[in-house]
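To start, the structure itself, in C-alpha cells.
Naming follows writing order (A, B, C and D), and every chain is counted from residue 1.
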Amino acid sequence: MIKAAVIGATGYAGCELVNILSSHKDVKLSYLASHSYQGKRFSDVYPSFYRKVDSLLMEDDIEKAASVSDVIFLALPHGLASKVVTRDILREKVVIDLGADFRLKKRDVYESWYKSEHHSPDLLKEAVYGLPEIHRDEIKNAHLIANPGCYTTCSILTLYPLLKHELVETDGIIVDAKSGVSGAGRSEKTANLFCEVNESVKAYGVAGHRHTPEIEQELSFASGSDVVISFTPHLIPMQRGILSTCYASLKKGVSKDDVDKAYISCYASEPFIRITDYIPETRYVRGTNFCDISFRIDERANRIISIGAIDNLMKGAAGQAVENMNIAFGFDETEALDRKAGI
Amino acid sequence: MIKAAVIGATGYAGCELVNILSSHKDVKLSYLASHSYQGKRFSDVYPSFYRKVDSLLMEDDIEKAASVSDVIFLALPHGLASKVVTRDILREKVVIDLGADFRLKKRDVYESWYKSEHHSPDLLKEAVYGLPEIHRDEIKNAHLIANPGCYTTCSILTLYPLLKHELVETDGIIVDAKSGVSGAGRSEKTANLFCEVNESVKAYGVAGHRHTPEIEQELSFASGSDVVISFTPHLIPMQRGILSTCYASLKKGVSKDDVDKAYISCYASEPFIRITDYIPETRYVRGTNFCDISFRIDERANRIISIGAIDNLMKGAAGQAVENMNIAFGFDETEALDRKAGI
Amino acid sequence: MIKAAVIGATGYAGCELVNILSSHKDVKLSYLASHSYQGKRFSDVYPSFYRKVDSLLMEDDIEKAASVSDVIFLALPHGLASKVVTRDILREKVVIDLGADFRLKKRDVYESWYKSEHHSPDLLKEAVYGLPEIHRDEIKNAHLIANPGCYTTCSILTLYPLLKHELVETDGIIVDAKSGVSGAGRSEKTANLFCEVNESVKAYGVAGHRHTPEIEQELSFASGSDVVISFTPHLIPMQRGILSTCYASLKKGVSKDDVDKAYISCYASEPFIRITDYIPETRYVRGTNFCDISFRIDERANRIISIGAIDNLMKGAAGQAVENMNIAFGFDETEALDRKAGI
Amino acid sequence: MIKAAVIGATGYAGCELVNILSSHKDVKLSYLASHSYQGKRFSDVYPSFYRKVDSLLMEDDIEKAASVSDVIFLALPHGLASKVVTRDILREKVVIDLGADFRLKKRDVYESWYKSEHHSPDLLKEAVYGLPEIHRDEIKNAHLIANPGCYTTCSILTLYPLLKHELVETDGIIVDAKSGVSGAGRSEKTANLFCEVNESVKAYGVAGHRHTPEIEQELSFASGSDVVISFTPHLIPMQRGILSTCYASLKKGVSKDDVDKAYISCYASEPFIRITDYIPETRYVRGTNFCDISFRIDERANRIISIGAIDNLMKGAAGQAVENMNIAFGFDETEALDRKAGI
C-alpha cells in the first residue's frame, strides 16, 4: 500500500486522478491539494464524490505533500511544476507531472514554444517521457515522469508504428485532431462557456500549438530522423475524447499487409491499445484507458489515413498517469484502469 | 458463481446490464440474446466492448436462456415478458423483468393504462416490486422480480418518506420529471434523432404517462390511502439521468426538522440513497446506482419541494436490476455497483 | 426613422437586440455601449456580425446614449438601471429596461426579494410593465418600459387566461420552468462552463427565485386577488428556450371548452401567441418572438396542465423589447420580428 | 413573382428551402411535395411553421409540380432526380437539383463512385454546376442547375483561389472536414439517434466519400490539371455547420501576401464570402449563407492551412439553391438570404 498526493486535485484531470486512485487497491490518498478551494472538502467541489471522497483540500505545497506520500501527482498549469520539484524530493519519492514542464528533452525547444524560461533545466535529462508503449523500461526506474499531453498521446500512438517501421515518408505528415472541452480545463474563460462552445466547431492554435514539438520529438525518436509535422487541434462540443486523424504518404511498395504487421508488431501485447477493424469513435473509449487505432489506405493518393481515439482525461491524462505509477511501483499495469465504456 | 442471461441485450438497458454483470465477481454471463442482432457479436453492436465482451448474440428464447442460467434478465418492450415467463421457469430460476408487465398489482389498472390484455394475470401476485428500499425482504425470496420504471424509481424514492410519515397531504401531489434520451430506448424513431432532440425541451405523455399508476401504487402503499398524482415527464437533450421535482402540501405544523427525520428514518442505512444538502443534479449520479435526494420548504405556499436524481440506466434500470439480483442471491447488495461519477 | 441605443450590447440579450434592430426598417443603431469591451468593434466581440455590424463600442453612459438616440435599451445587471435613469431623460426619450429594476410595482417587494435598496422608487409608478398582451395600451404612451423577465413572460402568458376568466383556484398554482443556458448571461462563472452544464439537469433558486414576485404580481392583477405560487426554474443543456409547465386546480364544473374559450378570448388576435394542439417544444419557437401555449386536463386529479414555450432571448428579452418599442413608437408591432424557426 | 415547387419538402434541406422561399418577396410557394407525409400539412411535420406555412403536402410528382411552377427544387436521395427530370420540363422551367445526380460532368466518374448506372447521361452536359462564385455566368442561363454538395461547397471555396492562382502543389492536398448531423438527413437510422451521436466524434467514408470527385472536378477545373485529394469527413455532435480544414504545400517563394491577393482577387466582390482575420467557427455562419474563410501559413512545414466554414443547410444546400434561383431569374442575388447569425 503506497500513499499518493494529488496537487491540483480540483481541475478536471485532478478530479479524474482522485476518481481512479480512490478505487486502487494498492493506494491510499494521503494529500489532496487545491489552490482555489483549499479548506473545502473535495466533495464540496465535486458533489458526485459525496460519501466517497470527503477529504479536506490542503495547501498546494509539494514539500508537505511529499512528507506524507510516496508518489506525488502534479496537475498544474505549465511553468509551475518546474518551480517546485527538487532533487531532494526526487531522491525518495516519485513525481508524476501531468503538465508540460518536463516533456521536451531540449530546453531551447521548450523555451521557444512556451515563450518562457525553464526553471529546472538540469532536471530535464532525468525526466522520463511517460508513454509506456515506447518508454516502459525507463519508467520502471524513473523518479520524475513527464506524463504526455492528451493530443500527443493519441497522435504519437497512432503514428508511431508507421515511423518505427519506416513505412511512410517523414515529411508531409499531418495530424488533424479533435478534442472535447474538458481538455481546456476548468478555468473561467468566456471561450469555455456553454453558449460559446455548444453547436459549433473551430480550429485553434493553427500552425503553433504547443503539443507539436512533443509529437515531433517522439516521432523523430521512432524514425531516427527529424520529423516535422503540421498539427491542427479542433474544439468539439462534447466533454471528453480526442480523435486524431493522421495523414502520411506511404513509401513505395508498402502494402496494407505491411502496415498491419507494423501495428501488430508494436502493439500486439499492449494492454491499452486496440487495433480495430471499425473506425474509432471517441465514445468507444470514453471513461477507459484504451487507445483505439485503425487505418485506411487511400490508393488514389498513395496515402495512409490512421485514426486514433482516446479519452483525454484517461489515456490522455489521469489514466496514463496512474498507468505510469503502476509501472514505476511494480503493480499490475492495468490496476484500477480496467474499465469499460458503456453507451 | 452464478450464471446470468440477458434477453434484450442490445438495447441501452441491456447494454448497461452486460456492462455491470461482466464486472461482477460472482456472475458469469451465460447467454446474451438480441432480437435484432442475433448472430453478431455483442462487441459488433457496441464496439466499446471489443476485447471485453465478444460473445455471440443468441436467439431471444427464454427457455434456452433458462437452460444455461440461474438468473434471467428480461429487457424487452412491454407485453412480451408476460408472454414468455412460465411457472416452470420460475420454479428453478430467478427472473428479473425490466419491463412493465409485472409491476402493477392490479390487472385492471395495467389493462386500462396499457390498453391491452395482460398475458399472465395469475403471475401478478407472486411478482415482487423490485424497489429494495421498500421491498427488500420480499425480494430476498422472490423468483419473479418486477424491476421498477426509471421515472417511478426516482419519484417514489423522493416522495416515499413524506407519505410514510404522513407529513404531506395525499392529494395535490405533483411530479414534474425530466429525463435523458436513453430512456426512450434505441429504436429508430424520427423523434429520437439527434436533430429532433438536441437544443430543445418538451413535455410528453401529459396527463397520461404509464408510469403514473406505478408511482401511485407505491405511494398509496406507503400512506395507507389512495394517492392520486399528476405526473409530467419531459425530454432533455442529454443521454442519461432523471430528475424528479416533486411538489406536495405540508400538513399543518410540519417543520423542516420533521422532514429531515423522516428521510433519515427511512434512508439512513440505505447504501444507494444520499440525502444531500446540495440540490441534486443528474451529473452527480451519472454512471452510479445512487439516488440523490434533497428538499426545500416554500414557506409562503406551505409546500415542500423534494428533488431526486438518478441515472436512468443504473438505479432506473440495469443497476437496480443487479441490486435486486444481489439481494435475491445473497450477495453483497453493492457488489459491482460501487461506482463513482467523475466529471 | 428613429435612433436607438443599446447599453449592455455585448451580453446575450444585448447581442440579440443589435441583431433585431439592425434589420428594422424604421431604426438606425446610433450608440452601442459595452462595459467590458469599450473601444472594440461589435463584430470583434461577435464575429458573426462581421461586415454587418462593425460599429465601435462606446462607454456605457446613458446621458451620452440619450444625446444621440430616441430610444435607449438597457441590458444591464439588476440595480444599475435604477441608478442611471433620470426624469430628464424620460421627458424626451423612451427607455426600455431589460433588467429587473422597474418591474415590481411595490418597492418593498423589490427590496425583500433583491435584498438591496431601490435607487429610484419614485420612478416605479410611471414605469409600465412591458407585456403587450396585458398592458398594450399603457405601453403606447410609456416613457419607461420595464421589459419582463424571461421566465415570467412565459409563465404569465401561459396562466393569464385561466386567472382572468376565473377558471382555476388561486392557491396551489405551481410553475415548473426549464431554461436554456443563455438565460444565465455571458459572465465567466464556473457554473456556466460547458463541462458543468452539458449532460446534466438541475433545479436552482428553489423556493426563492426572483422571478416569483413578478409572476405573482401579474397573476394577482389578472385575478383581482392575491396569488401565491411555487416557482422552480431548471437549467437545461441547450442554448435558448424556456418551457413553463404550469399546474393549477380547476374550479368545479370548468370544462375543456371553457378553457379553450378563455385562451381564445384573450389571445385570438395576438400576433405572437399561438394556441396549439401540439404540446409546445422550445425548438418550435427558437429564434422567433412566438409564445406557443397548449394545455391538457388531468381529469383524475381535476387539474389543468398548461404548457408554454418561448425563446428566452426573443419573447423573453430582446424580441419583446423591440415589440414594446414598436408599440411605443407606433410602428407595426411585428416589424423586424416576423421570423420563422427552422430545424 | 414566380412560382416555386419543392419536391422533398420535409427533409432538412427541403424544410430550409421552404423557410427561405416563404420569405422571398418575388416567390410564391406553389407546390410542396413529400413522399413520406403526403396529405399532411407542412406545419404538421414541422410545427414551428404553424400559422406560417400550413400548405398541404402533395404527391412527389415532378410533372404535377412543373405544371404549376416556374422553378422546381428537387431535394431527393441520389438516383431519383435523374429518373424524373425530362427535356420537356427543362424547356420551360428551371430545375434546381440539390442531389448528386447532375454534379459530375463525367458519367463514368459518377457511376464508379455511386456504384450505379446514371439514368440521364444525356442531360449531364447541359447541367450547370451551381457554385455562383465559379460558374455565375452559366447559371444565369441554365435550366438544370446541379446544386453542389455541402462538404464540396465549403472545401472548393476554401481551396479555389490557391489553385486558380497556382500557389500550391496540386498533389498532396488534404481536406479534413467536420459536419453537423443535419447533413445526414432525417431518415430513421440508428446511427443518427441522439444517444449514438452525442458526446462523440468520428470519421466516416474514409478514403471513399462521394464528395471527393466533386471537389476534384472543380479544383482540376481551377488549376487546369488533374487534382487528386484526400478527403475525410467527420461527424460532430451539433445540428448545423461544416468546417473544412484544408492542407496544401506552398509552391516555392509564395508569400502570405501572395495568398492574400489571391483570395481578394477571387472573392472581393462576392456577397457571401467573408475573408476573415479570425479563424472561422461554424457558429459565426449559422443560419446564414456566408462562407467564412481564413488561412495560416505553417512556415516550418512550408504548408498552408486554409479553413472554411458554412452552414450546411444554407450555403451548403438550401441557401445556395435559392442563390442559384436568384441568379437564374435575375433577382438580387442576396434576396431572402441576407440573414445574420446571432449567438
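Quick note on the criterion: a residue touches a chain if its C-beta (ideal position, glycine included) is under 8 Å from a C-beta of that chain, and two chains touch if they have at least 3 such contacts.
None of the values given here were measured: they were computed from a predicted structure.
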| item | value |
| --- | --- |
| Greatest separation from chain D - chain, by CA centre | B |
| Comparison of A-D and B-D (more C-beta pairs in contact) | A-D |
| Whole-Å gap separating chain A and chain D, where each centre is the average of the chain's CA atoms | 39 |
| Mean-CA-position distance for chain D and chain B (Å) | 46 |
| Numbers and ranges of chain C residues touching at least 2 other chains | 12, 182, 195, 198-199, 237-240, 281, 283, 286, 343 |
| Residues of chain A touching chain D in the complex | 171-172, 174, 176, 178, 180, 195, 198-204, 206-207, 228-230, 232, 234, 236-241, 243, 245, 247, 249, 279-283, 286, 296-301, 303, 305, 307, 343 |
| Complex contacts: residues of chain A adjacent to chain B | 12, 15-16, 19, 22-23, 46-53, 182, 199, 239-240, 274, 276, 278, 281, 283-288, 292, 313, 340-343 |
| Contacting residues of chain B [partner chain D, same complex] | 12, 181-182, 186, 188-190, 192-199, 237-239 |
